[in-house]
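In what follows, a structure is listed as structure tokens, so that the remarks can point back to it.
Note that the chains take the letters A, B, C and D in the order they are written out, and that residue 1 is the start of every chain.
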Amino acid sequence: MNTLGNIFTVTSFGESHGSYVGCVIDGCPAGLKLNIEAIQEQVDRRKTNQSFYTTSRNETDEIEILSGVFENTTSGAPICIVIKNKDAKSKDYDSLRNLYRPNHADFTNEMKYGIRDYLGGGRSSIRVTAPLVAAGEIANQLLQKETKLQTRAFVSQIGELTLSNPYDLTSLNLDSVDESEVRCPDVDLSNKILELLKQVKEEGDTLGGVITCLIQHVPVGLGEPIFGKLQAELGKAMLSINTVKGFEYGYGFASASMKGSEYNDAFMLEKDVIKTSTNRSGGIQGGISNGMDIYFNVAFKPISSIQQKQQSINKQNEIIEFSIDGRHDVCAVPRAVPIVEAYTHIVLADAFLQNKISRL
Amino acid sequence: MNTLGNIFTVTSFGESHGSYVGCVIDGCPAGLKLNIEAIQEQVDRRKTNQSFYTTSRNETDEIEILSGVFENTTSGAPICIVIKNKDAKSKDYDSLRNLYRPNHADFTNEMKYGIRDYLGGGRSSIRVTAPLVAAGEIANQLLQKETKLQTRAFVSQIGELTLSNPYDLTSLNLDSVDESEVRCPDVDLSNKILELLKQVKEEGDTLGGVITCLIQHVPVGLGEPIFGKLQAELGKAMLSINTVKGFEYGYGFASASMKGSEYNDAFMLEKDVIKTSTNRSGGIQGGISNGMDIYFNVAFKPISSIQQKQQSINKQNEIIEFSIDGRHDVCAVPRAVPIVEAYTHIVLADAFLQNKISRL
Amino acid sequence: MNTLGNIFTVTSFGESHGSYVGCVIDGCPAGLKLNIEAIQEQVDRRKTNQSFYTTSRNETDEIEILSGVFENTTSGAPICIVIKNKDAKSKDYDSLRNLYRPNHADFTNEMKYGIRDYLGGGRSSIRVTAPLVAAGEIANQLLQKETKLQTRAFVSQIGELTLSNPYDLTSLNLDSVDESEVRCPDVDLSNKILELLKQVKEEGDTLGGVITCLIQHVPVGLGEPIFGKLQAELGKAMLSINTVKGFEYGYGFASASMKGSEYNDAFMLEKDVIKTSTNRSGGIQGGISNGMDIYFNVAFKPISSIQQKQQSINKQNEIIEFSIDGRHDVCAVPRAVPIVEAYTHIVLADAFLQNKISRL
Amino acid sequence: MNTLGNIFTVTSFGESHGSYVGCVIDGCPAGLKLNIEAIQEQVDRRKTNQSFYTTSRNETDEIEILSGVFENTTSGAPICIVIKNKDAKSKDYDSLRNLYRPNHADFTNEMKYGIRDYLGGGRSSIRVTAPLVAAGEIANQLLQKETKLQTRAFVSQIGELTLSNPYDLTSLNLDSVDESEVRCPDVDLSNKILELLKQVKEEGDTLGGVITCLIQHVPVGLGEPIFGKLQAELGKAMLSINTVKGFEYGYGFASASMKGSEYNDAFMLEKDVIKTSTNRSGGIQGGISNGMDIYFNVAFKPISSIQQKQQSINKQNEIIEFSIDGRHDVCAVPRAVPIVEAYTHIVLADAFLQNKISRL
């Protein structure tokens, strides 16, 4: 229940308060030369304390690979990656240990397990994704070696500020995503978002947003026709990210109001290769990639830890008024960009290996 | 790769042209007294030829239970359900056998498997969901026996016609969904949709739409914290339905433009039971049900088989102009309502059994 | 829980009394041209009423392939195979419906599931293996297409009659196994066994035995180092056959009394190929095939349905004296030969596909 | 492929030369109060350098629990256990890095993965079982809490020295197994084995043996009827231990030469509880535990690292004469006793949880 993938699998473990967070990758083929620095770089993209609007907690997030890699090359054995928790100030949480924070997992975890790991959200902390970003980058390096596939995610909406044309992705300079402090490749929009975040931070409030992900040069044939549809696996992965409330691919919810004659993507030939003249399908037909670009949107709700005063209930069924200190993210969406990419890579590497044995 | 669920699992088999479509349920506990008629009724709700806007093909869809049920009670053994394909007129498809129909799975299936089952879409036909609806009703009967949970899905949008207030679900009379010819409980909207469908049928076109699903009286504790989040399993299941392009739960994409202070659901006491005063979360927090109503939207693109002339490419890379005969659905969304409910039940039954062994 | 295999998976369903027994194969690659007759032949090798010592029940065991095969070629979709139960005379079992027959699964099934499918042993009948033999032959045809691997199982012991040299398999004419009425390739031993079976049949008794299986021309690299060891998967499969009590491979239990210096297989070169000069390991080292012959023994207890009077307990805790009619097998071991081969093929096809993605 | 179990799962990672060996337990219910000392004690029972006949390498094998345990109680989250490798003297192995040691996994691993982790056998070292013994003890503590089940394994044979009556287990004092330096509860046999081991050590040779395992007070109903038979899961687990060549339960291979009338276990009443008067079945009928004692034998070949001169082939296809230094075990069977128990507990805990949801 803590595993993503069927063949290339990633099993998560660890809590934010414990000694380590980590994961085990099983099913990564032997013989993949790893770029360890690139793995660390991806993990660092998710780090705290990168901007005024992110939490000021300091997490160094240094990865250690405990197994499965020999002389920098995957050996075929499971790869265990861990990251030490350094800033686990458990006393910070003492006042919250009996409180059910609104929209947090405190209440549901305690009801389900009869025990609550009250330190920093425990298992439900976004911190558990840090080693999964490392796993995603290993998946990416596998895909880079075997295909020309390229994945780029970016912020396309924060609050009510959004890209003017959500389907015109090729006009964006996606190589410069990280040059924007909010990972939005549209410079104007990026600046407006920064303004908005400053204002919302002052209000002690938080904001949601949308990440768009574009995958190009996808091999034809990834995904399975019924329950392993590529969009279903991608959707599942995205909905596994904390605070995600929605997933759509291709024309998504917009397609619901369209007619077939407006929506259908006609097949055509381009230099003897079969393509579609439009790509409202988002690169997947019948659950299987057709070689066109895959693109999807992921909706994030605003994070729950606001500085403003809130009321809640505690374990003793008492009504408690409280406010959460100012160390939290105003908006976690930009930090989620590498998570979206990582989970995408895990899904695609899994589908890629699966597809290798789908026909003689 | 053809299986939904982890403990209560449903494995699909069969193609639209073959002798049977079917599925195998494994992990259904012994001792569940089945209402076989109710299972058949659910399957019949998905049938063809129910209205002017659905395909005129006649499928009787009579279920046969081959195993796992003894004297109408589940025995703990796998339950195999099959439905005979009676209207498999393969000659209908002869003209299409080499054509890649736009937005169909013809092209991707042939590229992936090197073989195309050209008869009626084969494995990619929506017909393979018929036995899965039966499996979903068995899951539902398990949930009915063990919980008070109730699931009701309905059409909330067709084309551009949509419910005026998408979050005011309790004002709708959901017990009367099937009284509407388009499974929309808002009488006015239902009538408008019927008008629209008539007009679009005349144009030889098709329409997409949205199904909303409401689950009430959900036990607290369903779902897992990381990769088995309840929303991720529901999303995966919904995105496994043909033509689905998006999934959102709670406030979904709308939450992306909200502030934390607007979004958070405050905990409160109602007769000594902890509830939330609002329910923008949609009944799931941290991946686990909190006992409030779960609700989600599923976006369907218009179906691809339009009667209007279209161009495409065939196997020989020739450009072909063609049109598809008039037997197809104008809009498949109303027929998908029992599919949405069935997949929901499978996910919930699975989560329910999983949760039973999550603590001592 | 009713599935064998990880990638090439076979899910069993059906009971001896029901309308059908069957299975679903998932993960068989597309593009495998099937020899359907050869599949039926393997199933027929397992049939009843082949000799004086087998049950006189008549089962025609005709396979029907419901899905996954298009124009005799696998399409990549799940393959469902069913066999109709024709001789399900349920009245035969009326007298036994409350009795716990010794060494049968009556008692344990009823205790576990709270329900007993008393007709012919239901799920625990060896009859459920018939479609699995068909699945095994499909696995075999996959292996034949992709490798030179050859599997032959045979009876090496019935009662106390046993091969004089259990490790000298190459001196046996394994192509003639089916010429022996008891599937024992040693003509003398075969005749002695037939004599013994006649005598035991007259006594109203039954006999156990051993099946030896030899796999030649195995590709190097099948199996995984820790929990997917090839011997562990083979052992699990064999111990899944009704009445099997033991599994050993290579020198098996005999190796327990040996010294390392006596046991070790030295590596050597044979025409530039690395082989071992002896093969006490049985073709597997560290869980992975080394290219030498794999051989193993499977021990079968005598079947429980003896004609002699026995005492037992019924559901009402009464002591009952009873005897079972004469339609049962005196010895089921020869009929189990195709089952051993089939399960072996399923394990090997699974390991073969797994191995294809174990390295770049 | 590195995971044991279906619900209570244990995933192994790590190599003998790396920084850590470890495992992740997923599916352990929340609320289990752990006795951490008892876990360490079990791990210590497997340690090196316990006697003259075991390797003189010093491994301290101190377990660290990285996750899933909060205030000594399981939280429902995955439990990651690691053990640091302290005595990884890689230079010891330099001379062997290109050699294929007889009966080791060097050759098969290199052929399969194209890479050889030559340091101390890497992934194939028995050292990777150390954290699995810890996982087994957690499984045991779960079983202790929920059932009265008790597992005791012991050495019943080393070389040709064996228990006089292998089926008379109750006459043995199994509480004193660890008082014997070779974990054999028969004092005479234990002394003879020690003599034999001294002599074999002087010869620079090694010895195989048999471990017998007895499980008492087993709940009725563990195991599944077809592919999840309890004996199949136990057999698979045992055959996953390095150097194991055979598994038999109940009367095992001896039952092959018996008649049904000699073998059948009659049901009888003992204080209104249904038991069997004999127990040749070994406590499992139809794949499901019947409440009687489960017992099985596991055959171990002699370990391959003998001090005597041997010949082999290296990577360059050269014939090499070599001898292995004296630090290796003369006999690893006594050290495997806690491994047999641990794997048994994992299988039983898994079957126990599975069984909890097998009926309403």
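Heads up, the rule we're going with is that contacts are C-beta pairs under 8 Å (C-beta built on N, C-alpha and C of every residue); 3 or more make two chains touch, one makes a residue touch a chain.
As the structure is a prediction and not an experimental result, all values here were calculated from the model.
Colleague: Indicate the lowest number of steps between chain A and chain C, counting one step per move to a touching chain.
Modeller: The fewest steps needed to get from chain A to chain C is 1.
Colleague: Counting C-beta pairs in contact, does A-D beat A-B or the other way around?
Modeller: More contacting C-beta pairs are found at A-B.
Colleague: Counting in whole Å, what is the centre-to-centre distance of chain A and chain B, each centre being its mean C-alpha position?
Modeller: 26
Colleague: Hey, how far is the Cα centre of chain A from the one of chain D, in Å?
Modeller: Roughly 40 Å, centre to centre.
Colleague: Where in chain C do residues touch at least two different other chains?
Modeller: Answer for chain C, listing residues that touch two or more other chains: 1-3, 12, 27, 30-31, 76-77, 112-115, 123, 225, 358-359.
Colleague: In the complex formed with chain C, which residues of chain A make contact?
Modeller: Listed in rising order, the residues are 7, 27, 29-32, 76-77, 142, 145-146, 225, 353, 356-360.
Colleague: Note which residues of chain D are touching chain C in the complex, please.
Modeller: Going by the criterion above, the answer is residues 1-4, 6, 12, 100, 102-105, 107-109, 111-115, 123-124, 128, 157, 159-160, 162, 200, 203, 205-210, 220-221, 223-229, 231-233, 235-240, 242, 244-253, 255-269, 272, 274, 276, 280-282, 284-291, 297, 299-306, 308, 310-313, 317, 319, 354-355, 358-359.
Colleague: Enumerate the contact residues on chain C facing chain B in the complex.
Modeller: 1-3, 11-15, 18-22, 24, 26-27, 30-31, 64, 66-68, 70, 73, 75-80, 82, 112-115, 117, 122-123
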